[in-house]
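Input: structures, listed below.
There are two complexes below, and they share chain A, which is joined by chain B in the first and by chain C in the second.
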Partner chain A sequence: MKRRESIFKSKLIWAIIAEILILLVCLLMRPDFFKIEYQPQTHMWYGSLIDIINRSAEITIIAMGMTLVIATGGTDLSVGALVAVAGALALKLLRWDVTVYNTPGDYTVQPFILVLFVPMLVCLAMGMFNGVLIAKFKMQPIIATLVLMVAGRGIAQIATNGKQFTTLYAPFRFIGQGSLLALPMPIIISAVAVLGVSLFTRLTSYGMFIESVGINRNASRVSGIKSDTIILIAYALTGFLSGVAGLIYASRISSCDSNNAGLNYELDAILAVVIGGTNMSGGKFSLAGTVVGSIIIRTITTFVYYFGIVSESIMAFKALIIAVVIVLQSEPVRKWMSSRKNTGADRIGGGVHA
Partner chain B sequence: MEPDVILSMRGIEIQFPGVKALDKVDFTLRRGEVHALLGENGAGKSTLIKCLTGVHHMDAGEILLDGAEIRPTTPQHAMEMGISTVFQEINLCPNLTVAENIFVGRQPMRYGQINWKEINRRASELLERFSIQIDVTRPLSYYSTAIQQMVSIARAVDVRAKLLILDEPTSSLDDNEVKRLFKVMRDLRAQGLGIIFITHFLDQVFKISDRITVLRNGRMIGEFDVRQISKLDLVSRMIGKDMNEIFNLKRAEQKRGASVAMSAEHIGIPGKVEDNSFEIKEGELLGFAGLLGSGRTETAEILFGVTKPAHGTVKVKGETVRFNAPLDAINRKLAFCPEDRKKDGVIADLTIRENIALAVQAKRGYLKPLSRKEMDSLADKYIKLLSIATPDADKRVGELSGGNQQKVILARWMATEPDILILDEPTRGIDVGAKAEIQRLMLEMCGGGMAVIFISSELDEIIRCSNRILIMRDGVKAGELPGENCTQPDIMRIIAGEAVESA
Partner chain C sequence: MKKLIALALSLVMVLAVSNAFALTVGFSQIGQESDWRTANTDDILAAVAAEGWDMVYDDAQQKQENQVKALRNFISQGVDYILFTGVVTTGWDEVLKEVNEAEIPLLLLDRIPDCIDDIEYVAAFGGDFVEEGRRMAYWTENYLQSIGRGEEEINIVMLEGTTGSDAATGRTNGILEVLPQYPHLKLVAQQTGNFTRAEGQAVMESFLKSQEKIDVLLAQNDDMALGAVDAIKAAGKVPGKDIIIVGCDSVKAAFDAIVAGDINATIECTPLYSAFVIPMIKELEAGAEINRTVVHPAEQAFDTDGGIVYNEAGDLSIKAADVIAERKY
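Coming up: the complex of A and B.
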């Protein structure tokens, strides 16, 4: 009796179906939607599909960490604020002289290596702070990460004295606007992040341990797993990845924006994970699913723009489509669909973990 | 029907997913009696009470209250019909006054306002019926646990109760407070109230109750008059006889001159295990007997570092150890199959392969993962060795039967090649065949030089397998017997507390 679970029971398949449907509607409205062109001046491929993946990079990167956090049974609300912190710190280091010179230029005040690593390490430390509150002090994840969700933007404001710095420093702008292998840099960076996290969970036993802790923390502890450390790593990694996403965001706009950078990213990242088929109650996770989830969210946004909907109502429209996707993925609908396919013969294996 | 019957429950059945929690249980309560409801944990006592108070709904059977059929739907509904319950934990608000606590939710009103004078007067009157004279305007937390317990009984009785259910009311009381509670119970009995008394203190049962109903595994074992049953008889009925004496297993030969594998001196956590000491040699099987809740599991958890002891020392191979987490114990070559398979044992959504590899992997740390090949060979080896019934190692453990789940956990620990193995109720709730296999494995491992601590409620399997038997009662080591030539009555006598320390 191999796993003969109906393919329609998998959440991921519904996510992919939803994605294809949305893309088809886009194609109907714009026949050139799938067209991809190589532009020799910028050495980059252009097209709506490339653009969707490019623009989804920040959420994809953050959602890699979020997947692990949710697999432990937790959640991280601070990621959006950490995006703002990373951007603020990077711009602060680039424009340390801002009181002296006010026109942005192609230079950096502090060494570029600091511009890159200080924001990432600070975000890593903030992620660890979340992890310590949750793993050691047994705080509820929503409450614990709420602290930095609120405080993070304040820290970003302090770092930049409430100012919005701008830079024209080419290496920094390259992160979000440059290209490598004819693809936009954010795509390359998010691919590295996806690959890195996948390898980390597969080549070490971390993936198995995190699922084990998410499914049954007690039994995992009795089996000798240091669940505290496992949980701490998940939050620290999410903090770090939020830092990376923050650098990409800041580089895209060549500036920092403590109020709006990464706004609502926590919700998009959680949504990407959930659409990807990872359960909010923890346990089994799917990084591939999360990537699909993140791309879906971005596709919907693009779709909404193409519909020519006034920007004020975009959020409502986006929410509507997401609601449809989530209902499609819900337990009753999947059961109903799979029972239609299998004429109800195949019952779900018993003893489902409570 | 006898005229003095208040409550009569007939053929009660309750089905939980996968288990029959109550199977045709009868229960009769008369006016003016204290009726003890006895049975080990999981026997169905609280399910029966919850059925009566409308928390669980019965699948079959009938309940007659004063001759009329009732179907309680919610605890509130049951209370309105005169069924009052006082739970183990005090369900009152410590920051409100005593009087407020008694009348909260049904305050006497006058001119649309709460009539405080009336509340306080009636509260004092009520408590005086229990010969308690206290200032009812003080907050409840001002008074001792016993008084608080009385207040909750007073509240329960004042809602025009016909019958009162006391669920483990004495577990947080000291001797004097228990005496006081018993006096109140006698008074209420004299007033014609029926009282259902649930406790695991057998002495108290014999002191206060008139009749006893014993449940075991969801079935009613019998109803007894307290004057016509001995404590020993009662214990044997609660535990039940095991039927699988067909299996002819021989206990492992105790090697001479084997060194001590592990020892414990006066370990304990107040309220759970008061005082337990023992030592176990290599290749020895030490049985832990005693009723559930006597501190056997808690002792095992201390030994394995699941909980830290408040006092006492644990030594492994002569060296004093202090485990902060189970991983420390695993590194000292200990292994522990916990009592609650679902809660502390299996990771239901992971595969058999992953479940078996878990402890070995935990010991290695996550940076040194087992290769897929190593995991496969580990899984295959133990699936074969323990004859785990599964087509392949990819099956989710949650889909296996209880016996096979237990074998997976056993495999998890055998894979770590421990020197000391602690098994807490490894044969509970599994079928007879799997039971015999697990006993056989345990004895084989013992024969191979492993020290095994075997906790079980089934006396015959303890006697059959153990070299020595340690008996616990109320958190204290009550005695120790050699496994050979030991009989069930020997152990029961110690469990019941009739004999003093032996051997």
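Coming up: the complex of A and C.
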């Protein structure tokens, strides 16, 4: 009895139920939505479900960092701009020679290792900048990260001189368009990111410290946790992961797009974290929930594309589904549901740590 | 020595005075969001400089408030002409009326504000988006006939631009106007790709799975077409052959893709307005009265081999490979 109660109080379960419901609607409308086949020309599995996981990779990767940031009680609005910065820097390094207008080139001007690491390291540094403003200068996270949210796209524009470079350099295109183990590379990269962050928070005491800082920063500091360092690491990691997502985005389109790359990603990433059951006020977090949240967001988008919802109503349609998901997870609804499942056993328990 | 100084001083004064008499043109541009926009800006700046006129240029970085500020600055500086491209269509009534009150001739470029009926302006320069849409459809039909598929049932998918933008609405209307004239052309799916490569790619990816058979892709700008090319390749199909792709705008990257065989055609939407703007300013200087003129720059279509009729007038498309070298943007 007790176990069942706790399951229905878990936000993760509700997120999974929401995802299953959306997929069920897809199944009823078009059974072939679930068709997955092996594509011999591209050596990849091919199907809408693969697309959903593939295209959710950027948000999943960023949201891993965002989960930790939100668990500390903060938020990071700069991630979308950092995606643009990473793409711009990568294309600048690839196409260093282009001064006037773009022509595709299947070569790289700077060593490929720089193309990969400079964008990631710059984003890491920008994440640290956020972290220093918040941890050391005690700025409000929204204000501190707003700086780079605004400045980031400007930096990306300056790096590329406001131009869109195109590249045909195969190793770079492999990041977003290639495949490993018959799966698209972005899926592999996001799996590595999810695994990496999970292990980092579980195998070290970092996860526990983050929750502690999120629940009470000062109490944590007094009890000997270096709150500032914990916060700094969370923002730096988010910056780094945004850089990785930026490389994937740029590689997918073989180009940089300082205006549109990562546009509104900060909102999607925060939404993924919230749908996944992590509270915006900080404290306990759920990485598994965030992954489900990110997949839900992409499922809705794919649903819209697949079933040809008219473009004017896309926004309203997405908002409607997300509203339903979030209401389903709200405290009163969950309590009501679990009390219905266990008549008379409505005990007050803490949020379940999934 | 004194004489020399006096001479130098008078020279400086003459220069200063002559400078004050030189025409000053204020140009409030949206920002640099694409190669198209960059070419648009560079073209105007170069042409004004070539005339020896002074240019006060303001890059609004995609912000309306910056543009309002720039326009007010132009008024207080007393520029002679204002060139204006608005980042959005609404909210210009007040500041443009101030421009009218200051009696500075206003030339609207590319984007037309929705208060256009309430304000005075000399001319509005811009692409004829509906005609561009029609041309995409005409080119498709004529190309299909030229390869002997004029009778075959053809399934078309369309990638639309940003919902509500002039370019997207106009091009959609143009395409939907012409397609019904040819019953064998069937529009099976349409969806917005927001004029971006990434979304064009993601939407095409879904089209390829939700549609049984796709013969033609009409992308309302080249970026979406370029994004879709990779989605088509990932589906194991050959872009340009298995699926005929028509883009719009004619940016350099699309020319490269046409030459590479990935895209079949692109309908031009030229950013080069100076050829129309400069003569008009000269006419105005000569005392001509011009009011509320709408100017659509001459535009063409470019494709793999050329020679395909792309409009009602019967103009023939141009082979992209022949002109790619002189394309700047």
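Worth pointing out:
Methods note: the second predicted complex is superposed on the first by the 338 of 354 C-alpha atoms of A that agree within 3 Å, B and C clash if a C-alpha of one lies under 4 Å from a C-alpha of the other, contacts with A are read in each partner's own complex, and residues count from 1 in each chain.
As a convention for this text, a residue touches a chain if its C-beta (ideal position, glycine included) is under 8 Å from a C-beta of that chain, and two chains touch if they have at least 3 such contacts.
Since we're looking at a predicted model, the values are computed, not measured.
In the superposition on chain A, A:Leu203 makes contact with chain B only, while chain C stays out of contact range. Residue contacts after overlaying the shared chain place A:Glu211 against chain B, while chain C stays out of touching range. Set against each other, chain B and chain C touch different numbers of residues in chain A, with C touching more.
In the superposition on chain A, A:Ser281 contacts neither chain B nor chain C. In the superposition on chain A, contact is made by A:Ala219 with chain B only, not with chain C.
Touch criterion met: A:Gln39 reaches chain C, while chain B stays clear of it. Of the two partner chains placed by superposition, only chain C is touched by A:Gly162; chain B is not. Interface residues of chain C facing chain A in the complex, by the touch rule stated above, are 32-35, 38, 61-62, 160, 163-164, 189-192, 194, 196-198, 201-203, 205-207, 209-210, 223, 226-227, 230, 233-236, 252-253, 256, 260, 327-329.
Those residues of chain B that touch chain A in the complex are listed here as 18, 304, 306, 325-327, 330, 336, 338, 343-350, 354, 357-359, 361-364, 366-367, 369-370, 391-392, 394-396, 398-400, 412. Of all residues in chain A, those touching chain C in their complex are 30, 33, 35, 39-42, 44, 46-48, 51, 55, 100-104, 154, 157, 162-164, 166, 177, 249, 252-255, 257, 259-261, 301-302, 304-308, 311-312, 314. Those residues of chain A that touch chain B in the complex are listed here as 1-3, 203-206, 208-209, 211-212, 215-216, 218-226, 230, 283-284, 349-353.
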